[in-house]
Amino acid sequence: MALLDVRDLRTSFKTDDGIVQAVDGVSFSVDSGQTLGIVGESGCGKSVTSLTIMGLNNPRSATSSGQALFAGEDLLQASAHRLRELRGSKIAMIFQDPMTSLNPVKTIGWQLVEAVLLHHDISRKEARERALNALVEVGIPRPEKRIDDYPHQFSGGMRQRVMIAMALINDPALLIADEPTTALDVTTQAQILELMRMLQEEHGTAIIMITHDLGVIAEIADDVAVMYAGRIVEEAAVTELFNTPRHPYTWGLLGSLPRMDVETDHLVQVPGQPPSLLTPPPGCRFHPRCAFAMSVCHSKAPTLTTAPGSPTHLDACFLDEGAKTREAERLLAGMGARAS
Amino acid sequence: MSDELLVVENLQKHFPITQGIVFQREVAAVKAVDGVSFTVNRGETLGVVGESGCGKSTMARCIARLLDPTGGKIVFDGVDITRLSRAEMRPVRREMMMVFQDPYASLNARKRVGFIVGEPLEVHGIGTDAERKRRVQELLEIVGLNPEHYNRFPHEFSGGQRQRIGVARALAANPKLIICDEPVSALDVSVQAQILNLLRDLQREFGLTYLFIAHDLNVVRHISDRVMVMYLGKVAEVGDGRSLYDDPKHPYTGALLSAVPIPNPELGRRRRAIVLEGDVPNPINPPSACRFHPRCPRFVAGTCDVDEPQLRSFGGRHQAACHFPLERWPMTVEEIRRPAGSAVAP
Amino acid sequence: MKTDAQAKQLAGAGADGGSIVADGLPAAAVEIRARGYWEQVWRRFRQDRVAIAGGVFIVALVVAAFVGGPIAARVLGHGPNEIFANGLDVTTEQPVGPFTTISTAPFPTAPGTKGFADTFLVLGADGQLGRDMFLRILYGAQTSLEVAVLATLLSVSLGVFLGLLAGYFRGAVDTVISRLTEIAMAFPVLLFIIAVAATVGERLNKITFGFLAPGVFTLTVIFALFGWFYPARIIRGQVLSLREKEFIEAARMTGAGDWRIMRSHLLPHLVAPIIVYSTLIVASNIVAEAGLSFLGLGIQAPTASWGNLLSAGPTYYLTQPWLMVWPGLMILLTTLAFNLLGDGLRDAFDPRHTV
Amino acid sequence: AVAGTAGTAAPAKAQSSQVTRGGTLRVNVSDTDYEYLDPALAYDSIGWATLYTVNMQLLNYPDKPAKAGGNQLVPEAATGFPVVSKDGKTYTFTVRPGLKFSDGSPITAAAFARAIVRVCHPDQGSPAVAFASNIAGCTAFNEKKGNLTGVRANGQKLTVKLIQADPTFVAQVSMPFFAAVKPTMPINPKGVDVYPSGGPYRIVSREPGRSVVLERNKFYKGNRPANPDRIVITTNTDQNQSLLQVKAGQADYDLGGIPAVQNGPLSEEFGVNKGRYFVNPLVGTGYLALNTSRPTLSNAKARQAVNYAIDRPALLRTRGKFGGQRTDQILPPSLPGYVPADLYPIKGANPTKAKQIWSKGGEINFLHTTSAASVNYAQIAKFNLEQAGFKVNLKPQPFGVAIKTMGTKGNDIDIFAIGWIADYFDPFDFINVLLDGTNIQDTNNNNYAYFNNPKYNAAMKAAAKLTGEARYKAYGKLDVDIMKNAAPWAPVFNFTSRDFIGPRVENFIFQPVYGHAILNALAIKK
Amino acid sequence: MARYLVRRLLWAVFLFMAVTVVTYVIFFVTPSDPARLAAGQGASPAEVQRVAERLHLNDPLWKQYGLFLKQLVWQQSLGESFVNRQDVNDIVLRAAPVTASLVFGGAVFWLLISLPIGIISAVRPRSLIDRAAMVFVLVGVSAHPVWIGLIFAYFIGYKWGLTPITGYCDFINPAVGAECGGPVQWAYHMILPWLTFMILFAALYVRLIRANVMETMNEDYVRTARAKGAPEGRVMRSHILRNSLLPVITILGMDIGLALGGAIFTESIYSLPGLGRQILVSYENFDLPVILGITVFSTIAIIIFNLVVDVVYAWFDPRIRLT
C-alpha cells in the first residue's frame, strides 16, 4: 500500500470574483523512499494540492473534497487535533521561499526546538541536542555556534538547509517540498538537491517534490505528475515521461525549455497563457492552447488513461495513439538532432 | 563606425558603508562590481551569468547610468558616457534601453499602457501626440499585443504580456542597445519561450544589440552569441557560447555548468562533476587574489590566494581568469581535484 | 488544416522561423478581463455598508450646513449671532431649553415687552447670550468643516510634498526634513498659537477669501504647520519603498527627470494613502478645533463653531447638559463618519483585506 | 445708584457658639494656585484668604460680616489704635504682651518691625514696597541707597516714622504684608512657605501646584474662631468638577469660585444666604475704560454716550445670576464716601439718548480678555455700541497680553473691558490710583482711560490729604463729578462674591474686605 | 552602540537648542507683560520696572537666552518662575510623576483593551465582533477628551460615586498632612483619568494591531509554524504577536514621549497637578521659565522615548542593529 494515496482531490476557494476551483480531481500516490515530482506552470494548483493534504488551507475560504489517505488514514477527515499531531512529525513540509519561511525574531535553535517539543515530551536540553544533530546532518558548518543565530544571519541556501533540518527533525514518513530550490542559485540548488537525495536514502522518506523546473524533476524524481489548470494531465515514471511524453502540454513544456545541451533557433512556443481557474475553459482545459485540439476537446474533458503497454503511464488526451507517438518522436528528434 | 557598440573598461562600483557621528566616514565598501572589462559588438548578444549577488544588475545599472560608476570607463557608440551629467545623458537614453526582471514591478500600475510605452517618445519629444499614439499601437503590434490594448492598465495583462509591454517600451525610441536584466526569470517556462523567441525575432528585424543578463545558463546559452561569467564583481570567463559551454576553462564556469539540472533523467543523473561548497562570499570583504579560491576545487595554496589571475586568452575570443584552467570538459572528479601543472604559474 | 499548421509550429522548433510575432496570439484565450483598479476599489467599498453610511452622513451634513443653515435662518426669522435677552430664563438666568418660543424684546424685565414679536428656538438658547443653538449648530458645522477640510488639504499637501521630496531624494534632503519633523513635534505649539493670536492673529482672522468664516484661515494655517509631519512620514515611507520599484528605474531609463517621475509615477501611487489618511485627519482636525476652543484660542466670537459651542457647554453640564450634548454629538457623529469612511476606504484600497 | 438688593449680605446665620470644633475642612482652589504664602510676597486674593487664618496683625478686620463690623479695623496684636504724632508722621503701636507664635516663641514689636524690614529689603523683592514707601528710609533701603530708618521696635513698642502724613497709613499697614513674623525669618526672594505664625492656624506644608495644609495653632490664645482641626487646601482644581465635589460633600468649599452660570440653579436650589449658597458684595467695580487719549472718545460727550449706550443688565447677565450690582459710579457702594447718584441708565440701554448726545459715532477698538465670560460681555457691549452708532472692532487678548497692550501709552485701543478690586479699604485706591493723570508713564499704566485732567488731578491730590469724614465726602463728590462730567469710564457693575459650601459644613461668614469665606470660622457639622 | 548614543545625544542637544530658541523668540514676539504679572496688578509702574530688571526682562533677547543656557549648564537649573519664584526644576519634577502616572497607567489600560480587541478583529475581520469593537473604539476617539472626562466624572464619580470625582494622591511620600496617599489611593484616584486616556488612544491601537496582525498572519513563517504542528494559540502567541507588535512599539514610544509633555485636557478635567495642567497655568501667566522648563522636559521625553523605542525595537527585532 502506498504511503500517501490521494484520490480525486478537489479544492476550491471562495473569492470576491467567484469560486476558484484550484484543484479539480487530482489523484496520485507515493511510496516510502520514493520521490514523486509534481510539475506544472505557476498557478496550476501545485501548492494548493500540498496545502490541502497538510490541512493548511484557510478553512474560511477553502473547501476540499476527495481523499488523502496517509498510511490508510484520510487526512481530509482527520480532526484538527489529529492533523496537528501528524504535521511536523509524520508529514513535514518545506516551502519555496527560505527567506520568509523562518520567523525572523526567533533564533533558528528556538524554532528547531519548538518543532521537536511540539511532538516529543522531552526536555529542552534533549531537544536542543536533536536540533544540533539535525543541523549537522544538513551540513551547517559550526552548528553549535550557528544554532543561536537568527535567520537573517544565514544565506538563502543555509536557510533552506535549516528548513530541511526542521522538516526532518522528527523523522517524518513524508516530506512535501514545495519548490524548495526555486529561489536559490543553481549551485545552491545542486547542493540542496544532493542533500535531499542523501537524506532520503538514509531515512527512507517519501518525498513529494513540487517544482516547475523539468530539470529538477529529471534529477530527483522517480515518478512525475504533470499538472495543468488544476488537473493532472500526465503521470509516469520519470524516464518514461522524458522519453515518451504523451500529452501535448508535456510536449510544450519539454520543447519550450531552452537547453544548453541542445542548440535551437526557436523554442517551441505554447501560445497563450495558462487559463484562469475562475472560469476554466470547458472540455479539455488545454484545448485553447493546444495545436492538436479537436472538436471533442472543446466539450468533453478527457480522463487519465493508461498508455498501452505501460500501465503506470497515464495521460488525459483524446489524441489517437498514432498521433501521440508520432508527435512525441518528432519533438524529441527535433531536440535531439541538434544535440551536440 | 566601429564594430563595437559598447566598450566597458575596468568598470568599478563600490557602495560605501559609512560610519561617523557628525561627519560620515567611509569605513568599508561593497565592491559590487570591481574591474569589469568587455565589449559588445553591434548586433550581437552578450549574455552575462553568475550567481545571485555577483554584481550583474549593478553592472547593468552602471552602464545605463542609473548608478554612477566608481571607476572605469564606459564608451557607448563611441561616446564616453562614464561621467556625463543627467542632461548630457538624455540623448544617450534614446539609444540605450532596458528590459527589467519583474514584469509586475517594472510597469507603473496606475498608468495606461499607452502612456507607459509612449513615455520614451514623450520624454524625448518625438513626434506629435497623434504620431506617438500611432507609433505606440504599432509597437504593441510588433510585440504581439493588440493595438486596442492602448488604453488598458498593466494589471489587466498576464506576466508574459506585461513583459511584452516592457519590451515595447524599450523599443519605442529605436534604441541601439537593449539591456535585459533577467527579463524572463519571473516567467513560466512556456511564456519564457515566447519572450525569448520575441527578443530573437526583434533582434533580427531591427538589428538590435543585447546585453542579456540571466542566471539561468540554459537561457543565456540559447539567446547569446557570447557569454560572460561573473563572480563577485569580476569576470571569470568570457567566450563564444559554444566554446565556453563545451570547453569551459574556469573551474567556476565548470561548477555552474555541472550544477544546471538537465531535463534528461539519464544524462542528468550520470553527470556529477563539480559541486561547490558554501555560498558566494560577502562582497564587502572579498577573498584575496582569486576571489573564487576559497570555494575552488582546484585551489593551490600560495598561488591562488596570493596572485590575482588576469583574463587570458584560450583561443579566439575565449578568455578566462584562472591560474589552473580546466584541461577538458567534462572531466572526472579526480581530474578536477588535481590541477595539472600546479607548479607552473603562467 | 489549421491543426497541422500549428502543429508544425509547435513541433518544428522554429525550423522555418515563421514570424510568430506577426500572427500573434489567439486573443480570446489570452485576454484576461481584469477589472480596473478604481473599479475594484469601488466594488470593495460598495460592500462596506458602514463606510457608505459614513459617506452619506458627511454629504448630508455638508448640505445641511451650507444650504440648510441659511434656509433655517430665513424660516426662523433670525440669524445665528442674534442676541436675545429672553433667551435666558428670568429666574435662573440660564439659557432656555429646546422648543421654546421667546420674545425678541431687549429687556426681559422691562415693561412693554408685549410690543415685540416672538421667535422660536428649536434647540433652545446657546448660553448667556441667548442665541439660537440650532442655527449655531448648523452654522458651526460650516466653520468646523471648513477648518477641518481646509487644514487637512493644506497639511496633507504640505506633508505629501515634503514626504515626497524626503523619500525621493533621501540623503541630505531627507535628513533636513526628518529633523524638521522632530522639531515640529517638540515644538511648543500652544505657546505658538497664543503668540499668533496675540500678534498677527487679528489680521489672519480677517482673511476670508470672501467665503470662509473669520478665523478659519488662522486655524487652517496653524493646523497645517503642525499637521504636515504625519502625512509626510507616511508618504516618505511609501516613497522610499516605491522608488526602489523597477518602474521608477524604467522611467529614469527613458530619460524622465526627477519632477516628472515624482509627478507622473510616484504621485498616482500615493493617492490611496492620501485619501485614506485625509479622511482620518479631517476627523482629528474637528476634534482639535474643539480643543483649541477650550483654551480660548479657537474660532473667535461671534462666529459659531462646534468647538466653541462645545467648550461653552461644560459650565452647564450639571443643569443643561444638552448644551454640551448637541455639539458633542455632532462632533462625535461627524468624526465617526469620517473615521468609518476612512477605514472603509483603507480596506477598499488594500486588496489584501479581501476575504 | 445701586440697583437690586438681592446680592447684599443678609446677616449670616447668627454666629452661634454651638458650632463644633474639629474635623478636617477640605477647600479647593479652582483654576489657580497660590503664588506665595510668604506674607511679604503673597498678593492675591486666595493668598490673603489663607494668610487671614494664619497670621496675626497689629490691626485686623474681625471675623464678622460687614454689617457686624467686618469691614472695620480693630486692634489685634496691638493693644489699640496707634498713637499718632501731631504732624501725623509718627505712629506708635503697642503690642499686647503674652502673644506667641505657633512655635511657642513670643510675639513682640520686633515681629512687626521684621515684617516691614522684609517688605522693604532689596533682596526680598516684595510687591508691597509701594505700600511702605512712605515709611522713612524704605525706598532708599529698597534701592540699596540707605537704611530703613523709620522703624524701631523696643520691647512691645513699635514706632514707625513716615516721610509725610498719610491718612491711609493705618489701612495700608493692616494689609497682610505686615503681619507678625519671627524676627529671624530669613530674607528669601522665593518666599518662605512654612514658617511660625501668630494667627489661629499654622502652615503645615505646601506642595506648590497642589496643596496647602493648615493646622490649628495650639499657641494661639486670641478669640478668633478656629473651628476645624485642620484645613486641607487643594489647588488648581477644575471649577465644574469642584462644584460636583462640593455638592457631593467630597469637598467643602471652593476658594476659586463656582462656574458663573451655576449661580442661578444653585440659588434656586439652596436659596440665597440660607446656609449653603451665599451672595456678598465685593469692594470692586467692573467698568469699560474709555481711552480719553484716542480721537473717538476724546470728547466727554462721546464717553457719556457710551455710558448711555451700554445695557448694564444684559452685560451683567453674562456673569450668571447675582454676578454683581449695576452701577454707573466709580466707587463701590460698600466703600466709605460712596454717595448714590443717578447719572446714567442702569436698567437698560438708551441708544436714542446716546445718539442725541453724540451723533457722530466713530470707530472703536474694543479690547477684552479671552475668557468665555469676557467674550460674551464684549459681544453685548459691541451690540449696544453699534445700536448707538459706533463701529466696533473686538480685540480679544489673553489677560497678560491685554494689560500690557492697554498699559502702554499711545495704544490704539478705545475701550478696555476690565475691573478693579480694592487693595485696601479707601477711595484713594480707586480714584487716585486709577485716574490720576500725573502718574501716566510710557508703559505699565493702570490709568487705562489715560484720563489726565488738571482740574481733577488737583482735586484728587487734595482729597488724598484729607482725613475722616471730609476725606470721604471729598471723594464721594469727586466720584460723582468725574462720572457725570468727564466720564472716563463706563462703570458697569460692582462685583459680588458668590459662594457655595458643602453639606458637611456650616457657619459661613463672609469677610467683606478680602471677599471670601472665613476659613477658620467654617465648622464641620456634627 | 556607543557611537549611536553619541549621535543621538548630539542631535538631542541640537533639538533642545532649536526648541528653546524658538520658544524665546515667540515669547519676545508676543506683547505680554510678565513683569506686571509678577509684580501684581496693583503694583506701581516703578515697582513693575524693578521687577522687570530683576528678571532681566529688559535685556536683549540673546542675553536672556545666554543667561538661561548658562544657568542650565553650570547650575543644572531651569531658573525660577516669574510668577511665584519657585524653582522650575522643582515645579517640573513635582509635576512629572503625576503625568507619568497618567501616561504609563493609561498606556497599560489602553494596551490591555486594544490588544484583545485588535487580535479578535484581525482573526475575524468584518465579523460582528470586529465591527462592534471598531465602532465602540471609534466612538471613543471621536469624542473630545473634555467631554469624556466630564461625563465620566459626572456618572462614575458623582452619580454612582464609584470613584473620586477628581484629584490626585501621591503614590509615595504624600505631603505632610495630605488627605490621602499610597498606592491604593493613588490608583483609586487615577481610575477615571486612565479610563479617559484609554478611550483616547485605544482606537488607534486597535487599528494598528488589527492591521499588523492581519498582515503577519499571511507571512510564510506562520504557515511554517502551522506545518510544524503548532496549535493556533501558540502560533498566535509565539509567531504572530511578537512580529506584529513591533510597529506598535514605535508608535507607543512616540505617543508616550509626546504625552509626557503634558496631557492638558485630561489633567485639567481631573485636577491632576501634572505638566499639562501646569503648562496651561503658565501659559496664562506668560511664565516663560516654567514654559521653557516644561518644553525642555517634553523635548527630552520625546528624545528619550524615541531612543527607548529604537533600543527596544532592536532588542525585539534581531535584524536591526543600532549604528
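So that you can tell them apart, the chains are marked A, B, C, D and E in the order they are listed, and the count of residues begins at 1 in each.
One rule holds for everything that comes next: contacts are C-beta pairs under 8 Å (C-beta built on N, C-alpha and C of every residue); 3 or more make two chains touch, one makes a residue touch a chain.
Computed from a predicted structure; not experimentally measured.
The set of chains in contact with chain D as well as chain E comprises C. The minimum number of touch steps linking chain A to chain B comes to 1.
Averaging Cα coordinates per chain places chain B and chain C 50 Å apart. With each centre defined as the average position of its C-alpha atoms, the distance from chain B to chain E rounds to 54 Å.
Separating the centre of chain B from that of chain D, both taken as means of CA atoms, is a distance of 90 Å. Contacts with at least two other chains are made by residues 240, 244, 247, 398, 401 of chain D. Residue positions of chain B with contacts to 2 or more other chains are 158, 161, 194, 197. Across the assembly, chain E contributes 30-32, 150, 154, 283 as residues in contact with two or more other chains.
Note for the complex: chain B touches chain A at residues 51-52, 158-161, 188-194, 196-197, 200, 215-219, 221-223, 242, 245-246, 255-269, 275-277, 279-280. Within the complex formed with chain C, the residues of chain D that make contact are 239-240, 243-244, 247, 259-265, 267-268, 311, 313-314, 317-321, 347-349, 370-373, 375-376, 378-380, 383, 394-398, 401. By the touch rule above, chain B contacts chain C in their complex via residues 61, 64, 66, 86, 89-90, 93-94, 97-98, 100-102, 105-111, 115, 119-120, 123-124, 141-146, 153, 155-158, 161, 166, 169, 173, 194, 197-198, 201-202. Across the interface of their complex, chain E is touched by residues 54, 56, 84-89, 92-93, 95, 97, 100-107, 114-115, 118-119, 150, 152, 163, 166 of chain A. Residues 41-42, 155-158, 185-191, 193-194, 212-219, 238-239, 242, 252-261, 263-271, 273-274, 340 of chain A are the ones that touch chain B when the two sit in their complex.
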